[in-house]
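What follows is a group of structures, each given as structure tokens.
What follows is a pair of complexes built around subunit A, which joins subunit B in one and subunit C in the other.
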Partner chain A sequence: MPTQKDEVYGDHISHQFNEELAELKTEFLKMGGLVEQQLMDSIQALIENDGQLADDVRGRDKVVDKMEIAIDEEATKVIARRQPTARDLRLVVSVIKMVADLERVGDESKKIAKFAMGLSQEGQAPRGYVEARHIGNHVASMLHDALDAFARLDSEQALRVMKEDKRVDEEYQAATRTLLTFMMEDSRNISRCMSVMWVLRALERVGDHACNIAENVIFMVKGEDVRHASMERAEEVVSR
Partner chain B sequence: MPTQKDEVYGDHISHQFNEELAELKTEFLKMGGLVEQQLMDSIQALIENDGQLADDVRGRDKVVDKMEIAIDEEATKVIARRQPTARDLRLVVSVIKMVADLERVGDESKKIAKFAMGLSQEGQAPRGYVEARHIGNHVASMLHDALDAFARLDSEQALRVMKEDKRVDEEYQAATRTLLTFMMEDSRNISRCMSVMWVLRALERVGDHACNIAENVIFMVKGEDVRHASMERAEEVVSR
Partner chain C sequence: MSTLNTSISTEQTQREAPELAPAAVQDKPEETAIEYGQTVGTPFADDAKFRLRDVEVYYGESQAIKGVSLDIARNEVIAFIGPSGCGKSTFLRCLNRMNDSIDICRVKGSLELDGQDLYDPRRDVVELRARVGMVFQKPNPFPKSIYDNVAYGPRIHGLANRKSELDDIVEDSLRKAGLWNEVKDRLDAPATGMSGGQQQRLCIARTIAVSPEVVLMDEPCSALDPIATAKVEELIAELSESYTIIIVTHSMQQAARVSHRTAYFHLGNLVEVNATDKVFTAPEHKLTESYITGRFG
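Right after this comes the complex of A and B.
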């Protein structure tokens, strides 16, 4: 959709502007890919007691942080230079918001890696790892699908991601109950189970961030903010 | 600071624009005030076993959510209509980011209220409440100071808020260790202590959000992004 500015200044500027928007999208998706990798590596480090991989994740978080700042800066420059309106403006504003979600997923991955390192040093029988792997895979696929929905501006796929969040919450509740039982059975389990609890909590938060990204995709495509709305309302917005 | 547009269109537009920016600030601070109240009420509900107050907090969260959407919409409209640049643009973009932090503080308050309700029904001796009250007061004053720094565009006060975050993290670590000890002493404590753990975690996150707001204030005033920078770098930026 052309902006006012494009209409005024004609094709050449419009072409440059489109390239800048495409570049912003590309950078965002690059950051998304890195964060996805961070998440998957942190889960693998936990499950496989891989202290080295956990250490790698922690080290790479700085790259994620730098990308956040660079994309934010670029998005703000695009606003100042191109003065986008309507759909283009929604895209740029959404990128600014979604970058914060990606950075948080990076942080949660770093946190998971930290607990993975602690747990790998203890070297005892894992408790709650089945649950952590299951929820981890679930939220990793939500994040992947949310980023894919953004890449293709596919609001229906974004809606599917939003629907998954409720299932993740249920899985998370069930997993924390299981861990609570382990803790009550034997107080020697408490410290380790607490670490796994924090991992599960971090994973549950990743699901929330994937959901936020999905909500932004719907906002970009449909122009309506579906945050805090009912699932029925979100369905209505997407189907129109 | 006048924007390019103001310079071109003269005083009248500039005056309207300034009013719109002032209105955006006012609405943001109104949301901030409500969120502060939500946080303090949730802590009070916990400490005083006040189930009714906890219920009020949960009910009022919808108001916070609506304010988030309204302010976001207004900020996006200001960009489209006024095409701000430089310092004005930084203000608007920062408001969009900080509104997300305020909404999260609202969510954490709702979560604390939920645990307060559960704990008030159990009616047993509180464990970790001293710590929760202490950290709660600490992060509430950080949030207050961060909002105040925004209201007065005071980057030095924002820097002080950033410095507090480290102390909160230390208090949080100490408190979780204390709770872990209670859990190990007697397995009947585990379930209740877990609830208090989640409360402490929520409070620690509030400190992070106050810190994010403070970082945005420095960005607005100084034009440099100090997220992920060292404290020394942040001090340099603020002192220049």
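Right after this comes the complex of A and C.
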């Protein structure tokens, strides 16, 4: 039995074209893996107060940026050489857009690492770590599932990721309220609490980017754009 | 913290496994079968210039067109695409009865132009071909002057009473074909001395000189270089304001660039007709997708 790549993107008359598309997918997933690692490390650096790990995350962001440029270049070359159509075109266009989302997740991770470094020098914030770990865990698994949905062209899993985003937003709201209450009670900790607040904000954004990736996967598989559409619409598209 | 680490890392190992079959493909096997006479998409139009139903064409014993039903709307540009031998040119040639000249060719079904039977035995075929003009793959100018090539049709159809009227028709047609500025100083020069792209545009000028309603184009750019092709495509866009244009092309990019709707033929069947944008981004039929993405030819 052919592997998934052969079955879906691999049976062109031109073998070179097969390889170019496979390469694009592989490179995207590699970048996805790296960005996932960046995100998890930044959360770990924050929670374990690990300044060294935070520094590593900031250093590795350059690699993420380079991969973004390389994948964009590869995608541009495929368009120039092959004039892809239909599902091939949707793959290439989606990769170009999703790469931007991954790069932004990388940036958010770098931002979290920056606050983690600051906190490791100033001393940890008194509150917010439970929330950061919880939301961090949640968005990391969303990102993971979105990339998994891409790898397997699984629009139903992509839909589940989209649904999770709403829960992340709720968790973010709740965590913000908790921290605000704490800051009102004890103003000495405002500065450090604000750092955690920014971290939560960054994590919430990661959830949005995972959701964008999921929307692109649905576009790739189903050929229909579900961005800015209602959840009912997305469900309808996926169930077709 | 440990929960975060473990839960994520186990999931990660799952995704790294590349052997997983894609769920979308597993759940819904995509349909490659064709049902006789069935076309997916939007083959019908409200304001139909041509109304074609259950068209079958035979060359002797072999069936070249299998129950095709299609409307072609007024002033639309529709592209016929498909692999060699799929019947797209045969079908095109039915529309001005060019197949009549082939003895073994038989056409069945209902073919109407403006509500009137195309194959009515009383129909004047010469008059029909003036209304439904044709441009061929290779430019085929007459071995005459540029002027006489364009003036030929209007002369035999008696469209001009005076020389000055004929001059106007020739100039107007050459302008519409985007050729006037290149040839206005040498109208008496032989047409065969022009470049290939100019010759093809001259043939288009000759076709539109008799004021047709429909222009059929059978791979009009396959013998032209990219610049001449771009000029002809530009011309198609301009002509579509006043004519219905049906173009057969092997260049999918050309179909994507010039047409409003695209019809995909496969082994004599009309598999899919849809808005061109849809066909090239998210075609409905698996066979259309395989063809336009270069998976078979």
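The rule is simple: the second predicted complex is superposed on the first by the 224 of 240 C-alpha atoms of A that agree within 3 Å, B and C clash if a C-alpha of one lies under 4 Å from a C-alpha of the other, contacts with A are read in each partner's own complex, and residues count from 1 in each chain.
Everything below uses one rule, namely that a residue touches a chain if its C-beta (ideal position, glycine included) is under 8 Å from a C-beta of that chain, and two chains touch if they have at least 3 such contacts.
This structure is a prediction, so every number in the text was calculated from the model and none was measured.
S.K.: Applying the document's definition of touch, where does A:Val221 land relative to subunit B and subunit C: first, second, both, or neither?
M.R.: A:Val221: touches subunit C, not subunit B.
S.K.: Give one of first, second, both or neither to describe whether A:Asn137 is in contact with subunit B, with subunit C, with both, or with none.
M.R.: second
S.K.: Which of the two partners, first being subunit B and second being subunit C, lies in contact with A:Ser14: first, second, both, or neither?
M.R.: The second partner, subunit C, only.
S.K.: Thinking of the overlay built on chain A, is A:Leu89 touched by subunit B (first), by subunit C (second), by both, or by neither?
M.R.: After superposing on A, A:Leu89 lies in contact with both subunit B and subunit C.
S.K.: Given the superposition on chain A, which partner contacts more residues in subunit A: subunit B or subunit C?
M.R.: It is C that touches the greater number of subunit A residues.
S.K.: Give one of first, second, both or neither to describe whether A:Ala151 is in contact with subunit B, with subunit C, with both, or with none.
M.R.: second
S.K.: Quick check on the superposed pair: does A:Gly33 touch subunit B, subunit C, both, or neither? Answer first, second, both or neither.
M.R.: second
S.K.: Identify the partner contact of A:Asp72: answer first if only subunit B is touched, second if only subunit C is, both if each is, neither if none is.
M.R.: The first partner, subunit B, only.
S.K.: Regarding the shared-chain residue A:Glu48, is it in contact with subunit B (first), subunit C (second), both, or neither?
M.R.: In the superposition, A:Glu48 touches subunit C alone.
S.K.: Which parts of subunit A are touched by subunit B and by subunit C alike?
M.R.: On subunit A, the residues that contact subunit B in one structure and subunit C in the other are 83, 85-86, 89-90.
S.K.: Which residues of subunit A touch subunit C once you look at their complex with the stated criterion?
M.R.: 1, 3-5, 7-8, 11-14, 17, 29, 33, 36, 40, 43-44, 47-48, 82-90, 133, 136-137, 140-141, 144-145, 147-148, 151-157, 221-224
S.K.: Which of the residues in subunit C end up touching subunit A in this complex?
M.R.: Touching subunit A: residues 1, 3-5, 7-8, 11-12, 14-16, 18-25, 252-253, 256, 280-283, 288-289, 292-297 of subunit C.
S.K.: Where on subunit B does subunit A make contact in their complex?
M.R.: 62, 65-66, 68-69, 72-73, 76, 79-80, 83-86, 89-90, 93, 96-97, 100, 180, 183-184, 187, 190-191, 194, 197, 201, 225, 227-228
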